[in-house]
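Consider the two complexes below, in which chain A is the common component and chain B and chain C are the respective partners.
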Partner chain A sequence: MGRREGDGKIWLLAGATATGLGVLLCLIGWLAIAGLGAFWPLSVTEMQLRNGSALLGEIVFEDSGVIALRTSEIDRIGVAYRRVPRIDIVSQSQPADAITVVLDDGRRLFGRESTTSAARVFALASRPALEREVQHVNALDRLARMRLFFGNVGRFLATPPTASNLDGGVLPALIDTVVLVLLMSMIVMPLGIATAIHLHEQRSRSTRFVRSAITTLAGIPSIVYGVLGLGLFVHGVGGSIDQWFYADRLPVPTFATGGLLWASLTLALLTVPVVVVSVEEGLARIPAGLRDGSLALGATREETLWRLLLPAARPALLTGLVLAIARAAGAVAPMMLVGVVKLAPTLPIDGDFPFLHPSRQFMHLGFGIYDAALASSDAIRGVPRAYACAALLVAVVVALNLSAILLRHRLRERYRALEY
Partner chain B sequence: MRGALVSAGTALVLAGMLAIPLYLMAGLLPWSGLPADAWSRLAVIFAGTLRAGACAVLVAVPLGVATAMFTAHFCASRLRAWIKPSLEMLEAVPTVVFGLIATTTIAPWLATHVATVLALLVVVPALLLTGGMALGQRVQSYGWLPFWLLPLIVAVVATGAALGAQHDAIAIVPESPWNAVLVGLALGFASMPLVFSVAEDALFLVPRTHTQAAFALGATRWQALVSVLLPAAGSGLMAAALLGLSRCLGETMIVLMASGNTPIAGFDPLAGLRSISADLALGMPEAAAASEPYRSLLLAALLLLVLTLALNCLAEAVRERLRRRMHAVAGA
Partner chain C sequence: MHADVALRTESLCLWYGARQVLHEISLSIPALRITALVGPSGCGKSSLLRCLNRLNDEIADSRTTGRIRIGEIDAHAKDTLVHDLRRRVGIVFQRPNPFPLSIHDNVAYGLRLLGIRRRSELDDRVEAALKAVALWNEVVSRLDESALDLSIGQQQRLVVARAIAVEPDILMLDEPGSALDPVSTLRFEELLHELARRHTIVLVTHNMQQAARVSDFTAFLHQGRLVEFGATDALFTNPRERQTEDFITGRYG
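Up next, the complex of A and B:
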């Protein structure tokens, strides 16, 4: 067999394909490593320095020239880092009797039980704080560290943040994101389904206009939706609501500032095309025999639509919902304009009437990534925290997309069964 | 009754969609002109947007289109069933995550390894080309080729990075660690799946009979691709590139996190930049309503909107024409 033309070029194309897949694998792998690594308990290291002094702490950064050590945070969180050039280090050890005292404001203090008791280490803290736990990390075996690791993961998922987002968990951000997305779904689903039905049922010039409007506007950058949300919803509608109903509180804005309601409306606009496209596709895929049969049995077009076609397309509705949620959960840029904040004092749902407070500002998991990575006062804690948030967000979004793919598959199987 | 509800819902959606351009224009209507420095600033951030978009498109379009060509024409169908959802997954990853990785992991590395990246950009394709020419005839089918090439590419990139770390004599030092090349890499990989899916759709729309006819006339797979498939789906590939460009110009989080956000004019890909979208995200929450900075931000938003809308409409028109032609061909 002779040499085929274009072999090299085909390898080039295959290489591009491999690169795309490689980027995906690297991304997921790196997120898993960096995101979960943030929770792994660090050993306590003791360093003897050339000038005779000794340092006790956790190694947070290493390269060929320097080692960065987090020593006891006596005054404040995030100020006790020491960069030690490697040439200054005489010896390094991980003493088995080292203890880490974690305070409830996130500060970490280190000591050795042979020389000081945990109580004495705890008393080092200049500002009073409650002790959360004492860990003997160096003495732990792999299994016990694993338990500590899962404890950290659990605390990350199930507690509110402390120390201005440097420590503690992301529970409020998680709740806010879920409430935001649910509110958005309640707005977008009826509108999206109505539009999809309109596009599917009617064939007129207006449907062509609606369709092209939706497809072209689906490509508008999300930040422009944010501008609309801020200008039209917050300043326009919100300002009017304040003047009519909350005039006694002015100039303190109630609705004329970014909040949950405006954010969910903005997100709903952003995700309408996703819902319309997937619902319409679901309706279009229903075998014609089903509809013809219904019409032949005397059902009106309307009855056919509501009793037969829509129930048959239920997985498509679900696919649309899931894809819209996935898109909304990742849309951070527009949220920055319509009321996301670094730390919200209150949750948007609570026990006070009317239980849901749509004018409140909110936290957001995706914005938390941006904030922890770039605006944190302690980058050594902030960046791993950002990776942990990112791993969580990507896990949620990937799971949603996978379920959408499975749903679409089920839909196809169901229709194949309907055909004969 | 229900019909009226449906129409009302559609009307609401349409109103919401049309509100965007209408609001932007209405917000600018009490036009009293902008001071000259606002215009020059707008020009600089517009140039920044274009620079970031150009760098990203240089990554996204070749990769996306090449992947689409391979997947549509050479790929084993079982591998294809994996590649499409995988790239859909890559598309679903929120861009803030790309921004995070770019700014905290890649930026410090890239600051000392620009030369390595440039070298890899030349070496990897050259290696693939020569490898294909040397070994191509031993490989009977191409179907699973990416599967074998993936470890190879990873190995080459890893070796390149290790070599680059040792030879810092030829280092190219960028002006800032946050620059257009970094944005281009992150944004390019983030929008590559979009380019891929549009291009793959276009290639797949070409009726199978076309390629089969080419094979019957004795064409090789590569010849069938170049002489039949690409001319037929060419406009679809064009649409993919346009949509990719539109996406790159409007993307916010990656640019916001990885570009440094300093308005710097010029064409240096190794300098920082500030794009329209990042400018909106940073400036809009602080600007008081109807103030002068607010209006200049609205103008920037309108500019971005017009730019992306024009690209999208063009791409949509091109795709529509292709679709109609393909249906006509398939019907004949």
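Up next, the complex of A and C:
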């Protein structure tokens, strides 16, 4: 038998798929490497310069002409970089007795234990801070550095930020992002499911119009939703609430300012089209025989919907949820208009009644990326931090989706024979 | 010859949009007997069934005239509750359509709609329905497993069990043999005789042998019109109409 016509096309399609997957894997790998690289403990380098002076610090950048060194940050974090032309360098070494004194605001001071004690290095700091730890990085073997690395990763995940987001962790942003997405899910699912049911049950000219309108909504840039949220929720609804219930506090806004509730409502608007489309497709895939069978047993349309169609469409509901989460978690632009802040003093959930505080401003991992990469005063610290935030955001989305997918997989197992 | 009439239609007409599917069907179906509806494809047999329990209401722009009486109830009267009517006139479709639920919950579905909540009562009635269709012994050990894992023949009996669990007066079956192999079909026909002791059965089939084997009465439909209706023996051995004779002897077309 000769080659069948169309074999070549199959290879083309497979190639396109492989290219897409490959790029995706590269992206995730790059994020992970660049993000995690920021946490690897660097050696302390000592440079003897031509003019007779000596510099001690971590090499953060080098090319053929210049080496950039992070030296002791006496005053503030992120200001002690020195660009040294290679021709000015007489020699460089990594003395085993070098010490790094890490302060609790993220500053680092460098010294050599043979000439200066850690206490004296610590005393160099002009602005008082607490000493967090003293590291002998150069003397550490790979295993010990690994331990230090994991300590850094752990601190990034589990502590609040310090010193204008250049150091410390992202725990509040992580919690806020997850709470935001969960709150959005709770709003968007009933809304989207109800819309999908309506469109499925009422097949008329007007629902065709509504359906195409909803598909169009899915294509609107997310920042437009931010403007909508700002005008509709923050100023409109929030402003009214303030006038009616918190008039005594005006002009200080209570609800008429960006907050978690408005942000999750905005995200719900943003994601409702994807939920509607996938739930409606799920309902349409259910064989007509099931519906007839239920009606023939004396069920009303409502009973059929609640007892049979929605349970059978559960995999589609979860698909909608997965897509909604993916779209919502990445939508930073609208969040900047409806309540995301660089540094929120409080978490939106805590032990005080009513435990969830939907009017509070919040932090966001996605905003953290923008802030670290573009709005920070220290690009050398900021950019790796942006990568780390990006990797974490991807991990959060993957984790949320994975739980929904696992759930869907279990339901599919149960309903698999339905897909005849 | 008809002691009791379970279901009577008078001048029943059905339209789908502008297309008239049934013309002036007047038919009296005797109680606790098996009545076969035969006729070529597209003659309106299935549409007639869907009229009788008003499933056609679900189809947009369908319209009926004439009357349907189920026992003492006028099916189209304003005070007739559709879901109550449908409970009294059960239907089993051509293709088995078990719900994506457990075997137990499939049979209990209609019972729960009736408001039966007590686990023991549900269990008893599920068991009775499954025994009535001779499925109980095959599934007793896996009542909580998905009904979709059953074989086609088992699924067909399951949907019959589901239909009779709510104790309908009339059970309509739309070509129940078409998805089954010959052996399952024969078993299924035996089952029909059992069921006819408690239910009036209306059987749509285009298998003449099946109609002759199983039914007490036969109605022959052609192009939406009732051509002939009578006792099966009489109709098959001595048809009054030429069309009927052509059809049952296979000369149709």
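Here is the rule we go by: the second predicted complex is superposed on the first by the 361 of 420 C-alpha atoms of A that agree within 3 Å, B and C clash if a C-alpha of one lies under 4 Å from a C-alpha of the other, contacts with A are read in each partner's own complex, and residues count from 1 in each chain.
Throughout what follows, contacts are C-beta pairs under 8 Å (C-beta built on N, C-alpha and C of every residue); 3 or more make two chains touch, one makes a residue touch a chain.
Bear in mind that the values here come from a model prediction, so they are computed numbers and not experimental data.
**Q** Between chain B (first) and chain C (second), which, if any, makes contact with A:294: first, second, both or neither?
**A** Second partner only, chain C.
**Q** By residue count, is chain A touched more by chain B or by chain C?
**A** The larger set of chain A residues in touch belongs to B.
**Q** Look at A:142 in the shared chain and tell me whether it touches chain B only, chain C only, both, or neither; answer first, second, both or neither.
**A** Neither partner.
**Q** Which of the two partners, first being chain B and second being chain C, lies in contact with A:205: first, second, both, or neither?
**A** Touch partners of A:205: none, neither chain B nor chain C.
**Q** Just checking: does A:308 make contact with chain B only, chain C only, both, or neither of them? Give me first, second, both or neither.
**A** It touches chain C, and chain B stays clear.
**Q** Mind working out whether A:24 is in touch with chain B, chain C, both or neither, as first, second, both or neither?
**A** Only chain B is touched by A:24; chain C is not.
**Q** Over in the complex, which chain A residues touch chain C? Could you list them?
**A** Within the complex, chain A contacts chain C at residues 203, 287, 289-300, 303, 307-308, 311-312, 414-418.
**Q** Across the complex, what residues on chain A touch chain B?
**A** Residue positions touching the partner: 1-24, 27, 30-31, 34, 190-195, 197-199, 201, 210, 212-217, 219-228, 230-232, 235, 239, 258, 269, 272, 276, 302, 306, 326-327, 329-333, 336-337, 366-367, 369-370, 373-374, 383, 386-387, 390, 393-394, 397-398, 400-402, 405.
**Q** Spell out the part of chain C that touches chain A in their complex, as residue ranges.
**A** 53, 55, 58, 60, 83-84, 86-87, 90-91, 93, 95, 97, 99-101, 109-110, 112-114, 146, 148-149, 159, 162-163, 166
**Q** Which part of chain B faces chain A closely enough to touch in the complex?
**A** 2-3, 5-10, 12-14, 16-20, 23-24, 27, 62-64, 66-67, 69-71, 74-75, 83, 85-90, 92-97, 99-101, 103-105, 124-125, 128-133, 136-137, 142, 145-147, 149-150, 152-154, 189, 192-193, 196, 220-223, 225-226, 243, 246-247, 249-253, 256-257, 277, 280-281, 284-285, 289, 297-298, 301, 304-305, 308-309, 311-313, 316
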